[in-house]
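Got a structure for you, questions after.
For clarity, chains are labelled A, B, C and D in written order, and residue numbers in each chain start from 1.
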Amino acid sequence: MKRIGVFVCWCGTNIGGVVDVPQVAKAASSFPGVVLATDYKYMCSEPGQELIVQAIREHRLTRVVVAACTPRLHENTFRKTLERAGLNPYLLEIANIREQCAWAHQKQPGRATEKAISLVRRAVAKASRLEPLFASTIPVTRKALVIGGGIAGMQAALDIADAGHQVILVEREPTIGGKMAMLDKTFPTLDCSACICTPKMVAVAQHPSITLYTYAEVEKVEGYVGNFEVTIRQKARSVDHTKCTGCGTCWEKCPTRVPSEFEQGLGTRKAIYVSFPQAVPNKPVIDRRHCRYFAAGKCRVCEKVCPTGAIDYQQGDQLIKEKVGAIVMATGYDLFEWEKVYGEYGYGRYPNVITSLQFERLINASGPTGGKILRPSDGKEPQSVVFVKCVGSRDPAKGKEYCSRICCMYTAKHAHQVLEKLPGARVYVFYMDVRTAGKAYEEFYLRTLQDGAHYIRGRVSKIYPEGDRLIVRGVDTLLGRQVEVGADLVVLATAVVPSRGAAELARLVGISCDQNDFYTEAHPKLRPVEANTAGIFLAGACQGPKDIPDTVAQASAAAAKVCALFSREEMAAEPTVAQVNQFLCYGCLECQKVCPYRAIEPVTVSENAAGKKIERTVASVNSGLCQGCGACTVACKPGAINLKGFSNEQVLAEVDALCL
Amino acid sequence: MSLDSQWEPKIVGFCCNWCSYAGADLAGLNRLSYSPTVRIVRVPCSGRVNPAFIIRAFQRGADAVLVSGCHPGDCHYVSGNYHARRRFLVFKRLLEYVGFEGERLQVRWISGSEGAKFAQTVDELDRKIKALGPNKKMRQEPPGFSGVKDHEG
Amino acid sequence: MRETARQLLREREVGLVIGYAAGSEAYWVTPAFIKEEAQADRLVWNPFCVNSLAKYLINYHHEPYKVAVVVKGCDSRALVRLLQDNQVQREKVVVIGIPCLGVVDAKAAALKIAPGTRILGASVTDGEFLLQTESGTLSLPRGEALCAKCRYCENPTPVLADTLLAEEVAAEPAANIYAEVREVESWPREKRSAFWDGHFQRCLRCYACRNICPACTCRECVFDQTDPCWVAKAHNLSENTAFHLIRAMHVAGRCVDCGECERACPVNIPLRLLNQKVIKDIKELFGVSTPGSRLDEMPALGMFATEDPDEFN
Amino acid sequence: MSVRDFLLTREGLHSWLSRLARDYPLIAPVEEEKGVITFKQVGGPQEIVFDCAPSTLPPKEWFLPSTEELFAFSTAGGGITLQEPPGPKERVLFGLHPCDVRALLALDPVFGGTYPDPYYLGRRKATIIVALSCTKPGPYCFCPAVGGDPVVAAGADLLLTESGSSFAVKAMTSRGEEIIQRYPGHFAPDEEGRGERARQELAGQLAGMFAFLPDLRGVKEFLDGHFELPYWEEVASRCLGCGICTYTCPTCHCFDIFDQSWDGARGLRARCWDSCMFSQFTRMAGGHNPRPTQKERVRNRFLHKLKYHQDRYGLGGCVGCGRCVAKCPVNIDIRRIIGDLKELASHG
């Protein structure tokens, strides 16, 4: 017979102010197997835990029920308490009488007490069915994969590599650098973005512990924490980078011009190209979609001019397999496609309505205009520039509900830059709120105001052309009247959204996304850089909109997490995994089909059947791969496969107890 | 089992640890008040919920069962809720076919951030079941003195 | 058939032929396990060969020899499922397929054929089963005598066979295959409830439905387990209903609609009406075929599609 | 000696049954479902099926319920308290055929021997049995082959035999006489021996009506000397291992005992039918199974019917009702088994 102790927590007045705690303890004392039921003000406090330790020793308890807050909060705390008392930590069951009882039924204390007793009865029933569980260990491959070569990915890769571990960095564009490489200056210090970004790019390329795959995508991820096997697709560059010297003759001679992605469509590039002069690697790829040879079968100019014979039209995609122990997701962001929904702003038909990222290129010294602010329609200097914030952000009707967080600051920066570069120009900023939380941010904003930027609180309802100008109509909510502003250039601060393909990648890697497709962290407060799936970490804007310092901080944090994982050759695996009763298993392998982790394999067992030696196939669980979801347990008709910690026996006993 | 005004439904909830259980916690955290008739069994995933658990709940006197998991696409275990979805689409139809009121089995996708949806789901279910009255299908009385009857009784 | 069996045994192609032998009444057959050529004469094929023999193969899974089995179209679906579940190895089975024009419901035939009657020959026409007896020819009108499962047959010709013993029979479009299920669905809930309660109440828990079922191949069934106790041994409406519902879910996506459960039931519980409901729903919801009719289609409840219907939001 | 023979008109029978149904729980064959005839409590004669031969399920359910609650237990308040169920009320079981009455006689020593079973005996004692002679054998009946008599039901309290438009009634026990006395006006004394003549006449008519009567002579003696027979393997290869034959058999009586509780604190102990055909029937707690394959199980059942019961109680274990024959889904037919054994015996 199990000897169960029940410990009911008051949680100060959190529970005790609603639930009649002594009554719950009294009721629990009559449940089968319960030898002790007591209560205490704060069970999770040191004296509270000590009370449990003493009680375990004194009453020779073999199972412990703690009725307190949600197990998601203190299950681990109390497991350690059991361990201190010499009990297996998995002989604990928690009854959630705070979140799911006291707090939810504050207005019905009687019913809350009744429910608490029921929840404790459930916990006691489960506790009496608990078995000791033991963590197994799994080996750790000390090599990390970083997906995305923007500032987040570069920082994470450098930090991990500097700690002495191998890193594989995969970037789908032909160059690393990401969005930061496109920016002109960074707020609030106004230092040159390229000046701080390009050295990082070079450091990554030159780091002996970093293997860089650009123009490559992650195709498949198998395995589990410490033991991932990833397949990387190196897209065909059509240029043999071992031969290419990056001399540039090919892209000079290439006859095809296409809009440049790097220049946000404001400039052009060739069909064989490097994204920008400081690109890493500084060697070209052929854009097969636009290349004349690939499109029409004629041309081959680059081949003819290449001094090293590096052009290889036959080159195919290459699949590379790598074993890694951890994965850092650093896939960054894209801009919300405002052209698709904002008809009132012209659906992108007016050339002088641009995005802020286009503005970054316009004002950048290495950009299409050489750093001169010229409006795209006719190359004239604008005399009046209107910035519109929250285009797609904070707009549940047309865009996203969330705040994109960086727009207030970069718009202030842009306003400041216009006023600096175009003396006499007028700058208007339409805004909903100005949010400047960050070191020296508010100061920067105030400086921009002093510079002469006109901030108008209100949304823009319409932008329409009049002559060669645009009229921006909005409402000034502070003055309570409609305003119309003539503009030569309108810059939209469009929402930050996860980079294209982020959700598909999440599915492929095995992590979850929120409703906006940003990657979900394991805990919003306590585990902000870990994904729900063990061994996968998050860095930068893929987890949510972020500015550069926050991105770099998170990337370093993710790297630190990876290094912690890599600090040992083996790690302990959760023991709540599936287990096969081979006697019951009849080898249909339905379990294998539903397992998302490929943790189930058939094995052959020999046995005696009615005097004959036979061999038969049964399922077997790799406890390192198993994550304990239990899908297999329901697929298994005879109940041969069971889940430790959530076994069929335990759940049935819980149901029985809840219905009593 | 009495039909008088004192009767309160007995509802067993199966909530996945990662989304719905967290959603239920959040409801409490935000002090959203909902009916205390739902009692939750924590499971790792909605894909862990065996229809036999639900059958057992009805046998033991549950008036309704709520199964709740992550939204499709959001499963912590990648695909558990997709399997659950198939299974419960079929199972719910089967229950209705043999004469259960379909409302007595509720399957809902509730994320960890949908505390309000959890509370609302529980209250709606509670209201529906109160309107339907106690479940009689498959219901057993607790075995004990009252359970002993003469065979012909 | 006898010749095929003789040949297979003579050439030692197989060590056993599982077929049908005459039963103790004209309208019954009994499974026959023929190991010697000389015994092949015991084999019969007639419109009373209703039993599905495929499941017997499991008992010979570990024998060194190959086994030949006689299958009708519906039985071949069971065989496919057994292959998919790794319960039978394809290379160890010789499938003797019989394209089938429908079999006779023994309960209906028993009303027409006196006990002790001997059948000398049988033939099937469009409208009747004709039986030659010692006292002349007896006609069983198809409408009265045809097995319910044969009324809408999806696979008159086996979906899998090594040899076919007759010309292929084409399937007729079976639009009404689930008419009875739809009828029950259309009843008010109270009527459905009373209907099934009445039937489940009567269940003896003899487990004939399970034991004859080709989808039930567990080494130890959940209903025989005591820890955990999924369903109590007590025979009462609640436990009996639990038994039938859990069983229906266990064979969901795997039941091949052979109707053997309903035929075996000693107290006439319309089990096929229960299992067909699940088959119909799974087909409608997930766009699959009747289990076992395609070798490349695995059980629907072991798979999913992200675009599956959803009513749980 | 009092008169033991009476006559009862058809109308008289109906009015008597109506009275009985008012005074006692009256249990009789009813058609529960199309083609399924079982013994159920009835409200009056209109519900009763008179010409079933035999019923789908035997009446043993009324003596050995398929699930029987033995006692309730509770650990509330420390220690353990038990409560037994109340005993059954006196009831009338109407319409048993002679084979079913004979089956009860075969069960009596099982439950009334060294360790009397109060549950079975209590029900037996509380039951007044009114038997009905067969007027037509069922298609699979073979009671004469196992020493049965389709007309006279020894062991019943009253025996009714249909004769033309009326019924001959014979009080077989003093309890039967009491019942007749309790309902004066319904029964006319049969002073001319019409009943006896009717029974003899019926016996003569029935003699030739059995389709298949296996010859049991020498079979038991053969089985006494031949426990191991390859023949059982052949039978077992067909057997599904279901419980139909045992659950429809009027003399099979195996049961399993189990406890039911939701929390371990309160619950009840019950027994329910079990079948020697089930694979786990003889499995022991440690996992060993002395009857590991269906061969041993099939052999056990037929040896029980044809030998063991005879050895133990001097009574046949099979009463020839043919229910297992009617219901076996793979046509394992005890009549054929007997024939096959006989043939094996004659071939040595």
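What we mean here is this: contacts are C-beta pairs under 8 Å (C-beta built on N, C-alpha and C of every residue); 3 or more make two chains touch, one makes a residue touch a chain.
From a predicted model like this one, the values you see are computed outputs, not experimental measurements.
Under the contact definition stated at the top, the chains bordering both chain A and chain D are B, C.
Nearest to the common centre of all protein CA atoms is the CA centroid of chain B. In whole angstrom, the spacing between the mean C-alpha positions of chain A and chain C is 52.
The distance from the centre of chain B to the centre of chain D, each centre being the mean of the chain's C-alpha atoms, comes to 45 Å. Once the centre of each chain is set as its mean CA position, chain A and chain B turn out to be 32 Å apart. For chain D, the set of residues touching two or more other chains reads 260, 262. Taken residue by residue, chain B touches two or more other chains at 51-52, 56, 60, 73, 79, 83, 87, 142, whereas all remaining positions touch fewer. Residues of chain C in contact with two or more other chains: 220, 222, 230, 236, 301, 303. Contacts from chain D toward chain C in the complex involve residues 32-36, 38, 56-57, 66-67, 139-140, 211-212, 234, 237-238, 240-244, 246-248, 256, 258, 260, 270, 272-273, 275, 278-280, 325, 327, 329-333, 335-336. By the touch criterion stated above, chain B contacts chain D in their complex at residues 60, 142-145, 147-152. Only residues 184-185, 189-190, 192-197, 222, 230, 236-239, 241-242, 245-246, 248-249, 252-253, 274, 277-278, 281-282, 285-286, 300-301, 303-306, 308-313 of chain C touch chain B when the two sit together in their complex.
Contact residues on chain C toward chain D in their complex (touch as defined above): 23-25, 28-31, 33, 51, 56, 59, 107, 110, 114-116, 198-199, 202, 204-208, 210-212, 220, 224, 226, 232-236, 260, 263-264, 266-268. Considering their complex, residues 583-590, 593-594, 609, 612, 614-617, 635, 637-639, 647-649, 652 of chain A touch chain C.
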